[in-house]
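All remarks here apply to the structure that follows.
Every chain is named by a letter (A, B, C, D and E) in the order it is written, and numbering of its residues begins at 1.
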C-alpha cells in the first residue's frame, strides 16, 4: 500500500461520505458546508491528478464563490429546519427504484466500458515535465479552445446580467 | 498510484449521489447543490481521463465545467431567491401551479 | 313462332308508336298543367288521346289480321358490351289482341270516370295517372324484349301505387298502395333475377332471339345450392315469380283485395281488366320457355289452382262489394294460370280478354252503387244495399249480364272462354289436366254462387241505406251508364269470337293466336260427345251455384246466419282470408322490423360499431386523463421521468445487435 | 497544424454580442424602450446580410461557417425577425416587460443558436447550447411581472435543462475516454476504423439525452408545457420554433459529421421515444384547455414527427427533418403571432373555450388561424402536409413501414386538438365584445407565414431543394480533411 | 385562344373558382348578395366549362385525354399531372353541377357567415374536380385530403344540433382511412420511383405486397364509400350537415371512394383485388341489406336518406368488385345517379327543414296537400332512388345486378333483396311524410321559392334523361372500362 493509494482512498471516502451526508442532511446550511468539505477534498484529488491550476480554480471558484453564494442564499432565505416536514419529495420510493435501476444500469455498462481499455491515441500529447500544467492549459485555452473560452465568458456575462436583472425590482401587475 | 478505473468509479459514485439528491430532495437549494455534486463527479472523470491519457482537453473541459457551474449556480440561485420572494416557498412540491 | 304468311315490318311505324305515346303525352300535359288550366276539363285530353289510341290499335289489329307483324326498336335504351336493349315494339297477334282490349276497356273506363270522379279535388291527377297507366300497360304489352317488359311491368305497378293511394289522406289507402307496391316488388325481385338469368344463359333479352336460342338450353342443368336444376325451369320460375306478384297469385295475392281502397274505376281498369293480367300475358308471351319444363307447367297450374280455389272460398264471406269482386278477379286469374299450366295458352288468353269486359263491368256496376252511397261510412258494404233493382235498372241489368257471364251461362262471353279452359284442361296432355278440370268445375259453381250473392243482396230485398242517400236512390248519370252498357255488350259479344267448332262457331281467336301461341296441347282424339258432356257439366255447375245463392239469399235468408254460426271455425277462417295477412305480418313484417330495430340498429350499429368508434375516442381520452395525473407539476418527478427515458434509450441500446 | 483565428468569420456572432451588450449598457438611460426593438431589427437584418456575404471559413477547430450552417442561420434570423416583430406587438400591451433586456437576451440566445449551428466540436456545441438556453430561462422568468407563477416554468426548465447538460457532459466524457477528442471530424475517423462503435453509441446516447430534453421528446418533455405556458407568448414561439430548429439541426450535424457510421443505430434507439412523443404529445394536446399548453404538447408531437426523419437514418430523411422543422417554425410563428394578437386583447382568450365565436369578430384572423391549424394537423394543401409526407417517405424508404404506420395513425389522433380549436372558434357560440386593431407587427408576420404555409404546401420544390443542397454540401464535404 | 383553353381545360375547370374565391375574399362580408352572385356566376361558368369538356371528349379513344403534365416537385419525381378518361369524365360536370345546386339551395337558408360559406363551397369544388382529374398520386392525395377542410367547416359551422360531433367524426374517420393510402402511395414511390399513375398501373408486385397495398388503398376508399363496417360516420355527417353539405357529401364525396376503387385500387393491384373481391362483395351485400334494414326503422329524414346512401353505394361496390364490364359501367353510372338522386333528396329535405326545423318523420304527414309540386318532385326522386324503370336509378341498378349476375349469382340474389327493402323504406317514408291526414304542424307551408325550384328541376331532368337515354352517358365510359378490365384479366 503506497501513499498515493492511501491519499486517494482517504479523499474518496471523505468526498463520498460528505456528499452523502450533504444530500441527507435536514438543514441546507449543513448541506452547503458538507459540500464545501467535499469540494476542498476534490481540489486535492485534482492535485493528485497533476492539475495544479485546476486545484486553484476549484478552490477559488467553487469554494470561494459558488458555495459562498449558496451560503448567502441560505441565510437570505432563512429557512427553518425542515424538522416538521419531509426532507424528500413525495413518492420518493418510486423515484429511488428508478434511480437504482438507472444506477445499476450505468455502473454495469460503465464497468463493461472501462474494462475495454482504449488504445489511447493521445491526440495532443504533452508532458508535464517539459512545460507546466498551467502553460499547457493556457496555451490550449487561448488557441485551440479560444472560441469556447469566449463563449464561457459570454455565458457568465449572461448569467450575471440575468441574475441582476431578475432580482432587480421589476414592476409587477397583479 | 490509483488506477483510472478507481477514479472513474469515484466519479460515478459522486455523480449518482448527486443525482439521487437531485431527484429526491424537495428543497430547491439542495437540488442546486446536487447539481454541483454531479458536476464535481464529472470533473473527476475528465481530469482523470486527461491525466491518464496525457491529453490536455480534459483539463480544459474541467475548467469549463467549473465556469458553467458558477453560471448555473448564479441563475439557479437568483431564480430561487425570486421564487422565495414571490411565492414564499423553496420546496419543489409546493411549486405546482402548472401541471397536467 | 312466326309463320310464313306473316310479313315482318322492322321499320319504325308511327301508328304503332302513337298507340302508347298519345296517352303518355296526354298524361304529362294533364299532370303539369292540369291543376292550373284544365281543372274540371282535365278529362278531355286523356279521353281524346285514348280514343285515338283505340282507333289506331284497331287499325293495327286489322293489319295484323291481314298478316303483318311489326318488330322494331325506337332507339337503343341500354347498351353495354353484349347487353343491348332497345325500347321497341313487337306487334303480333297476341299483343294486337291485348292492345285492342286494353285501349277499349280503358277508354270506356275513362269515360265512366268522368262521372265517377266528378268534383274530386284530384280530378286532373286521376286522369293523368290513369293515362300514364295506359301508357305503361301498352309498353308492357307491346315490348319486344324483357327489359322493356320490366319497364312496363314496374310502370304499371307505379301507377297502380299512385291510384290505390289516390285518396292519400286516408291511412288505409296509402297503406294499401304501399303494400301493393312492395308485394309487387317481391315478385319483381324474382322477375329481375329471371331476366338476369335469361341474359346469363341466353345472352339476349329480345324475345325472338330468346326463342331462337331456347334449344341451346333445353337440356342444360345448373347446380343451385347443391341441386341440379333444369335451366329453363330456373328462368321460367324466376320470371313466374314476377307474374305471381303482378297477377296476385297465391303467396303474393294479399295486395289485391287491399288495393280496392282506390277509386272504383281504378279497380276496374287496373285490378281487374288490364294490369293484373300482365302475368298471364307474360306467361303466354314466353310460353316456349315455360313449355320446356314440365315442372314449371305444373307449378303454374298448381299456383293457379290454389289461388283460384282459395279466393273463390273467401269471396262468399266478404261483405265489401269490391273485395268480393276482387277475390273473384283473383279466382279468374287463377283460372287463366290453370289454363296456361295445362298448355291451353289460347284458352287462357281468350279468358283474359272476355274476363276484362265482364270484370270491368262488375266493378263499374259496383262503382255505380258505391257512387250512390258515397256518403255512407263504408259505401262498399253490401249489407247496407238491397232492393236497388227498381231504382237503378241499368246498373242492375248490366251487372246481371256480367254475373251471368262470369258464371258461365251459355251465350255469354264467360261461358265460351271458361268452357274452353275446362275442356282443354280435361283433354290436356299433361297428367294434372283432369284434376285442374275438376277443380275448375267446383270453382265455377262457387263463382256463380258469390256473383249472384251480390246480385241478390244488392238488388233484391229491402234497401237498407236510406240514411246515407238524399231522397230516393237514383240511377247514376249517363256518362257512367253508357260505358256500362257498352261493357255489357262487350261481355256478351267478346265471347263470340271464340265460339268453339263443336257449337258451330269458327273459333276466330284460336286461329288468330295459333301462330303465336301454338295449338292447344291436348291428346289427339277428342270426341264431340265428350265435349258436349263437359260443356253440360260446366253449365250445370254454374246453375247450381246460382241456385244455391238464390236459396240462401232469397228463399231462406236465415240459412246464411245458420251456416256462419254452425261452421264457425271454417267461416272465420274464410272470413279472415285464410289468415294470410296475419301470417305475413307475424312472420315477415314484424320480425323484419324487430330485427332492424333491436338487432341492426340497437346492437350492431349503435353498440358494436359505434362502440368501437366512440370507444377508441374514449380510450384516447382516458389515456389523456391518466397521463395528466402523471404530470404532477413537481420538478423532481419530471427528472425521474427523464431518468426513465434514459432507461428506455439504454434498453433499446442493449437490444441492438 | 495551423489554427486559424479569422475573426471575420465569426463577425456575425461578435456583432450580436456587442450589440446586445450595448443594449444592456444603455438600457438604463433611455426611457422609450422601443429603441431596443429597432436595434434588434437592424441587427437581425444586418445579420442576414452578413450571413449571406461573409465568406465561409473556420475559426479554430471549433467553428466553421459553411453552407449548411449559413443557410439554417438565415432561416433562423428570418424567424427571429418575425418573432421580434411579434414581441414588439406583445410588448406594447405588456409594458412592464418592455425593456432593452428582453431584446438583449433574445439576441444572446440567437448567438447561442448560431454558435451551435456552426460548432464543429462537442464542447462548443455544449457551451453554445447553454448560451442559447440561459437567456431563455431569464426571458421566461421575466414574465413574473404579469404572471407570478411563471417563475415556476423558468425554474423547471432550468432544472431539467441543467440535468440535461450534466448528461451531455457524461456523454462527452465517454466519447473523450474512447477517442481522446471532442472534434466531430476526429470522432468520425475513429468510427470509420470500426473502433468502439458500441461504446461511442452509448456516449452519443447520453448526448442525445440533452438534445431530447431541449427537443422535449416524450419522457423528457414534462418541462415543456409548464415553461411554454409561463413564458411571454413570443418567447414561447421562440422556444418552440427557433430553439428546436437549432437543436435538431445541430443534432443532424453531429450525426452527419461525427457519428455517420452509427446513424442507423441512432435511428433505432430513437424509435420508441419518437413514437411515444407523437402519441403522448397528441393525446395530451387533446386534454388541454389553454391553447399555449396545447401547442406545447403539439410541439412535442411535432418534434416527434421531425424525429421520424432521424429514425430513417437517411441523408434525404435528415434533410426532410430540417424541412419539417422549417415548416413547423413558420407555422408556429404564425400561430403565435395570432395568439399574441389575442392575448393583447385579453389574456383569457388564450383559454380555448373562451375563444368561442371569435370568427364573428375577426373572420380574417380566424381564417388565417384555420390555415395554420390545418397545417399543424398536416392536411393538404398546406405546408404541414408536405412536411409530414416527406418525413414518412424517408421513413418508408428506410423500410420502417410499421413505424410510419403507427406514426401516421397517431397523426389522426393529433388532428383532433387543432380541429377542436377550430371547432370552438367557428362553431361554438358566445357573446363578447372584441375590439381589435390590425397592427403591422401583427400583420407582417402572420401574413408572411400563412403565405409561406400555402406556398410551400402547393409548391414545395425550391424549399426542399435548398435544404437538400445544404445536406448535399455535407455529403460531399464529409471526407474533407481539416 | 381556343387552343389555350382546350390545352389547359382541366386546369381551367379546377382553378376557375379561384377567381371567385379571390373576389369574395376581398369583399366585405356585408355585401352578401354580391358574394352569392359572384359564387353563382363563377360556378355557372365552371359548369359551362365542364360541359365544354364533355363535348370535346372523344369517347372512342383509349387512354387519357386533356392531359396536362408539368413539373411540380422534381425532387420526388412528382408532376402536376392531370387527365380524364371515360371513368372520370362524368364526375367533373357532376361536381360542378352539384356545387351549382348547392349554391342555389343555400341561397336563403344560410344566414350567418355567408362569406365563409361560399368560400368553402368554391374551395370544395376545386378540390373535388381536382381529385377526379389527378393522375399523379401526390396531387390526387392532395386534393383528396383538401376536401376535408371545407367539409369540416361546412358540417361544423352551418350544421344541425350535433354538428360538432359529426364534423369531427367525419374528419377523423376519413382522415384515418386515407393515411393508409398515404403509406401505400409512398411505398409505391419508394418501390418504383414515381407517382405517375400511368406508369404505376403497369407494375408487378409480389402477391403479399400487392395485397397489403391494396388493403391500404381499399381502407381509404371503403371508408369514403362507405362500406359496411366503416359506415357510421356517414349518417352522422349527412344528418348534421347543412343541406349543401349533405348534397356535396352524398353527391360527390362518397363517390370519391368508388372512383378511387375503379381508378386506383383495381387497376394497380389486380391480383389482390381479385383475391379480395369475395370479401368486398360480401361487405357490399351486407351494406345493401343492413342499411336498408336500418332505414326501415329510422325516424330522422336525413338519417334515413343517409343510410339509404350506404345501401346504394353497396350496389356500386358490388358492381365494381364483380369485375364485369356491364356491372362496372353500371357502377359508374350508379354513382352519377346516386349523386343526382340522393343529392336531390337531401335538397328536398333541406327545403322542408328550412321551413319547419324538424327532421323527424313523425313531425310531418300529409305534406302532399300543402306542397303538391314539392311532393311531386320528391316522388320523382323517391322513384329514382328505388330504381323504377324509366328513372336513372333503374339503369344503374339493373346494369350492376345484371353484370354481377354474370360473375357471381349468389351475391345478386342477396343484393337484389335490397331493391325490395329499398322500395319498402322509401315508400314508407313517402307515405308517412306526404300521405295521410295533414299534420297541423305543417298546415301553412310557404311554397317553393324560385331558387329551390330551379335546384330541383335540374336533377329531375337528369333523372329522366339518364333513365330514358342512358347511352349518352354510357358511351363515355365504354372504351375506358373495357380497357380497364382488359388490363385486369
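Everything below uses one rule, namely that a residue touches a chain if its C-beta (ideal position, glycine included) is under 8 Å from a C-beta of that chain, and two chains touch if they have at least 3 such contacts.
By chain, with names taken from UniProt: A = NADH-quinone oxidoreductase subunit J; B = NADH-quinone oxidoreductase subunit K; C = NADH-quinone oxidoreductase subunit L; D = NADH-quinone oxidoreductase subunit N; E = NADH-quinone oxidoreductase subunit M.
The structure presented is a predicted model; accordingly, all values stated were derived computationally and were not measured.
When you average the Cα atoms of each chain and compare centres, the chain farthest from chain A turns out to be C.
Nearest to the overall CA centre, using the mean of each chain's CA atoms, is chain E.
Top contact pair of chains, counted by C-beta pairs, is A-B. Look at where the CA atoms of chain C average out and do the same for chain D: the two points lie 78 Å apart. With centres set at the average Cα position, the gap from chain A to chain B is 6 Å. Note: centroid distance chain A to chain C, computed from Cα atoms, is 102 Å. Per-chain CA centroids place chain A at a distance of 31 Å from chain D. In chain D, the positions touching at least two other chains are 123, 127, 130, 134, 137-138, 141, 144, 148, 155-156, 159, 163, 177, 180-181, 202, 225-226, 287, 416. The multi-chain contact residues of chain A, meaning those touching 2 or more other chains, are 89-90, 95, 98-99, 102, 109, 114, 120, 122-123, 145, 148, 152, 155, 158-159, 162, 166.
Residue positions of chain E with contacts to 2 or more other chains are 172. Of all possible chain pairs, the ones that touch are A-B, A-C, A-D, B-C, B-D, C-D, C-E, D-E. Chain D contributes residues 359-360, 363, 367, 370, 374, 379-381, 385, 389-390, 392-393, 396-397, 401, 404-405, 408-409, 411-412, 415-416, 419-420, 422-423, 426-428, 459-461, 464-465, 468 to its touches with chain E in the complex.
Put simply, chain B touches chain D in their complex at residues 15, 22, 28, 31, 35, 38-39, 42, 45-46, 49, 53, 55, 57-58, 61, 64-65, 68, 71-72, 75-76, 79-80, 82-83, 86-87, 95-100. Contacts from chain E toward chain D in the complex involve residues 29, 72-76, 112-113, 115-116, 138, 141-143, 145-146, 148-149, 152-153, 156-157, 163-164, 167-168, 171-172, 175-176, 179-180, 182-183, 186-187, 189-190.
Considering their complex, residues 169, 172-173, 229, 231-233, 290, 293-294, 296-298, 325-326, 329-330, 366, 368-369, 372, 376, 383, 388-390, 394-395, 398-399, 401-403, 405-406, 409, 412-413, 416-417, 419-420, 423-424, 427-428, 431, 434-438, 468-471, 474-475, 478, 482 of chain E touch chain C.
Residue ranges of chain C in contact with chain D, taken from their complex: 620-621, 623-625, 627-628, 631, 633, 635, 637-639, 641-642, 644-646, 648-650, 652-653, 656-657.
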